[in-house]
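Two complexes are shown next, each including chain A; its partner changes from chain B in the first to chain C in the second.
After this line comes the complex of A and B, so read on.
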């Protein structure tokens, strides 16, 4: 009998996570996540000198609101999808390029469990880099006096980011399994399709991941002045939290199921 | 005897390119050498046997079972691929242990099995060193270790001696013969007849995706001996090595090329034995690697195809 599916996936995770974490890609990931942190540092320095980094309607934006804005614009709409594109599409492709897939596919484990194990390795790696980056940004931007009151919302924000990494990662694992040029298709989806469709009226936006993440953000965002109202005004047409979570779960499970089916079926010819 | 591998009208295409072309063959128990020039179809056949590729046409059974999409079969198989590819940041012991765990072993027994396999290929002293720091010969041996560690009944080795020094070649050939004596079946590919001949007399000759001949090696060997054999030796002191080999019977020419000494010989058996002896004694300096192009094998194949 072959090993149970999840045991096999766990062992592939164990084998892959170290390699993934200490790869060149992690340096890239640190740079992507470092950008919001650098912005937060600049805002903090300006704040020390009494300069407001951003004003809305003449009103200086508070640190908490600024963090909410950065969470949406820099993390959820930029860092998370970019990381998911580069890691998710490469779950199997990296093993093909490195010609190490042979060692995994000649073992008595279902091929699909290789993809699942590597997907969880991706989640662990990105969470290990992204979530501390978010926390650092939060502590840089949030006034000390407000930390106690807003800490729960930080935990919710971290949960939203984890949901984003989970759903986008699964979707791009599928893109990586299906398409010969996933690094063309996946960015086109995030920065083309999603960006355009989210601005259009109608139901097309339901065919995006961002729509459901957007559904989580306004509920989680603390009410802190004009920028929150601005953001909430931009994203009025949002699903409920429950609907968003259900849709993200469905996207994740569905995409992973399709991706594992493809990996089970497909022949991989390694470069010589 | 029940064949280990049975292929019936087996073909494999990569798009428009043919990898294997309508082969019908059985591979008996014991050691079988798969001999052919680069690009002949040896690796394709081995990837089909190990379930990495799906036949385009025909049937293939390995130990009585289909190979494609049959993970249970892979527990009884070990595969040493040709490519020099690893998880470079892992140590030899970590890597082999991790792969043995994928074969269903628990952590402790996997570690012990890995240690045992690394001992078989003489890598135990460097088991805790990162693979990225291994020499070419060590990398070949750690690949062999992962193929053996889970005690498979069938071991498939794709060009396992590439990059090894003469002494390591000799000990690896001995080890492969020993595995067969222990009841394992071995399918080993090479483009060098003398390597294969040292392991078995049962040979499949493959060229252009077709089985050209199979059976006993001796007739093929006679043909090969009609063609000069070119060998490249990477040596610390190539000039000193050249002086030693100049006196050998059958050596037709010697050429220095950087750290390489390229030798053309009419008597490859005697030549390989002499090089191994020189490597063991160290009297001609360190011989780091011995490589043979397949030009001479190509000549034999041209002859066979014409015949």
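After this line comes the complex of A and C, so read on.
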């Protein structure tokens, strides 16, 4: 007798979260997320000694501006897609490579629930490492007097990062389910297609995830003239917040639906 | 899920929960201290967020300084030993009862109705007789009301915006136009104050610990000084922010800093200041005191910043004052 879908997904989640958290990928994830925290600690120490860590046009960059820059460049444009590539594509591909997929598919559970359970395990693992990392970076960089005024922006930033992990993760779960070599396709999408298309005029950029994430970011950037102006100057064409949220939700649901459909229908040939 | 996994996940949740807690405490106004306090005096929590100019003076230190005592001895009019009319009415001796003063200017278009000149609020810390001041205000036709739990005395004005005095704490009052005094109260209660104004606080932090300082947007300073931009010198470089600070001891040490809009404007400003210093040295001639003053200034700065620092021995100032007093005495009485 086949178990209910969501009960099965929960069992797979429970099994997978530990496997993911203690895998070699986690070392990589710790490095990616730990780097901004280390940078923030260095900036804080330099600040104690009255040394400005970063100057723009001869002016010392404030902690709030620096946090905004790190959130944009290190977390949103690098850490989130890279983690989604490494974890998302591995949800099914790892089981195929390790020849353990058979053990999951021969259990009395819906095949799609395997992917869904693993996807939520990925979300739990990455969110519980990335979001605390961002929180630590924020408290290290932001002057205490400005926390009250900027904390709501941080909550929005955390929401955007969670949305990024959700959408990219779903997309790369689909890539992992579809392609035999997902680790070739997924980085090409993030660092090739998205990077190029975002700079081109026209509507091709609507076929990226980054376009919709960028649509959310300017609204959440800390209100500090210089950096906000700089980043908003780079992103001249941004969709509205509602359109961005709608598109990210559609990408997530659509990609997960296609991925579960693929997993349920496809006959995986395990390497000998 | 193993125990190890559960502990790791709880650690992540714990960091998020602690961060959320600390952040929400800061948002809703409870004190959050992570080993550092905001720059500047605590009165800044009463300065509206939109303030374009903020100045501070440690009045007590200045009043009790040797320089002030020496200059006071040279004054034309000897210091009155009996209380003046203001002191008799208010019970306030400005020299003895005021410890520090913070003055803030808010641009006219930042929420206060009325004329177009900036609105000012003065925050004075010291010893005040609240009941005596309230009785005086009522006697003069004013009113005493509570605004968000703070006692506010509104003074009677025949025309224009009435002035008000609010007792923010037992040793702190706010004085200024009534709407500005209300904003000073609101700024503290709603935590929408200048402490979250990154531009102003960046400059305040640079001058923290000095006996007197002032920071502000150049345009608003000109406006406060009632200088029409059209009347400003044509060659004046574009300056966005200016700040100044000083300490009073055996010498008066200070620095005046200007932030130009770009590096070219800063270079131009440095040239202007350099020329003014050279002119000052020429005009000082052989006289010892003016020459000492002119040589006390040093120009520095890089990028968009121009800084003029000075260190004037108090002896030189006293000598100049002495010369002026001698010249006055030598002049035949009319």
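Following the convention adopted for this analysis, the second predicted complex is superposed on the first by the 267 of 272 C-alpha atoms of A that agree within 3 Å, B and C clash if a C-alpha of one lies under 4 Å from a C-alpha of the other, contacts with A are read in each partner's own complex, and residues count from 1 in each chain.
As a working rule, a contact is a pair of C-beta atoms (placed from the backbone, for glycine too) under 8 Å apart; a residue touches a chain by one contact, two chains touch by 3 or more.
All values reported here derive from a predicted model rather than from experimental measurement.
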Label the relationship between chain B and chain C on chain A in the superposed model as either fit or clash. fit
Can A:264 be said to touch chain B (first), chain C (second), both, or neither? first
Could you say whether A:17 touches chain B, chain C, both of them, or neither, answering first, second, both or neither? second
Rounded to a multiple of 10, tell me what angle the C-alpha centres of chain B and chain C make at the one for chain A, in degrees. 150
Check whether A:166 is in contact with chain B, with chain C, with both or with neither, and answer first, second, both or neither. neither
Greater residue coverage of chain A in the superposed arrangement, chain B or chain C: C
Considering only the touch criterion stated at the top, classify A:124 as touching first (chain B), second (chain C), both, or neither. second
Which holds for A:154: it touches chain B only (first), chain C only (second), both, or neither? second
Output check: A:110 vs chain B and chain C. Expected answer is one of first, second, both, neither. What do you get? first
Give one of first, second, both or neither to describe whether A:208 is in contact with chain B, with chain C, with both, or with none. neither
Check the residue A:102 against both partner chains and state whether it touches chain B (first), chain C (second), both, or neither. first
Using the touch definition from the top, say if A:137 reaches chain B (first), chain C (second), both or neither. neither
For the superposed model, what is the least distance in angstrom between any CA atom of chain B and any CA atom of chain C? 7
Interface residues of chain A shared by chain B and chain C, listed 14, 18, 22
In the complex formed with chain B, which residues of chain A make contact? 1-3, 8, 11-12, 14-15, 18-19, 22, 98-100, 102-110, 264, 267-270, 272
Touching chain A in the complex, chain B uses residues 14, 50-54, 69, 71-75, 77, 79, 81, 83, 85-87, 89-90, 98-99, 101-104, 146
Within their complex, state which residues of chain C touch chain A. 1-2, 4-5, 8-9, 11-13, 15-16, 19, 22-24, 26-27, 29, 32-34, 36-39, 191-192, 195-196, 198-199, 201-202, 259, 263, 302-305
Contact footprint of chain C on chain A as seen in their complex: 14, 17-18, 21-22, 55, 57-60, 62, 64, 124, 127-129, 131-132, 135-136, 138-139, 143-152, 154-155, 223-225
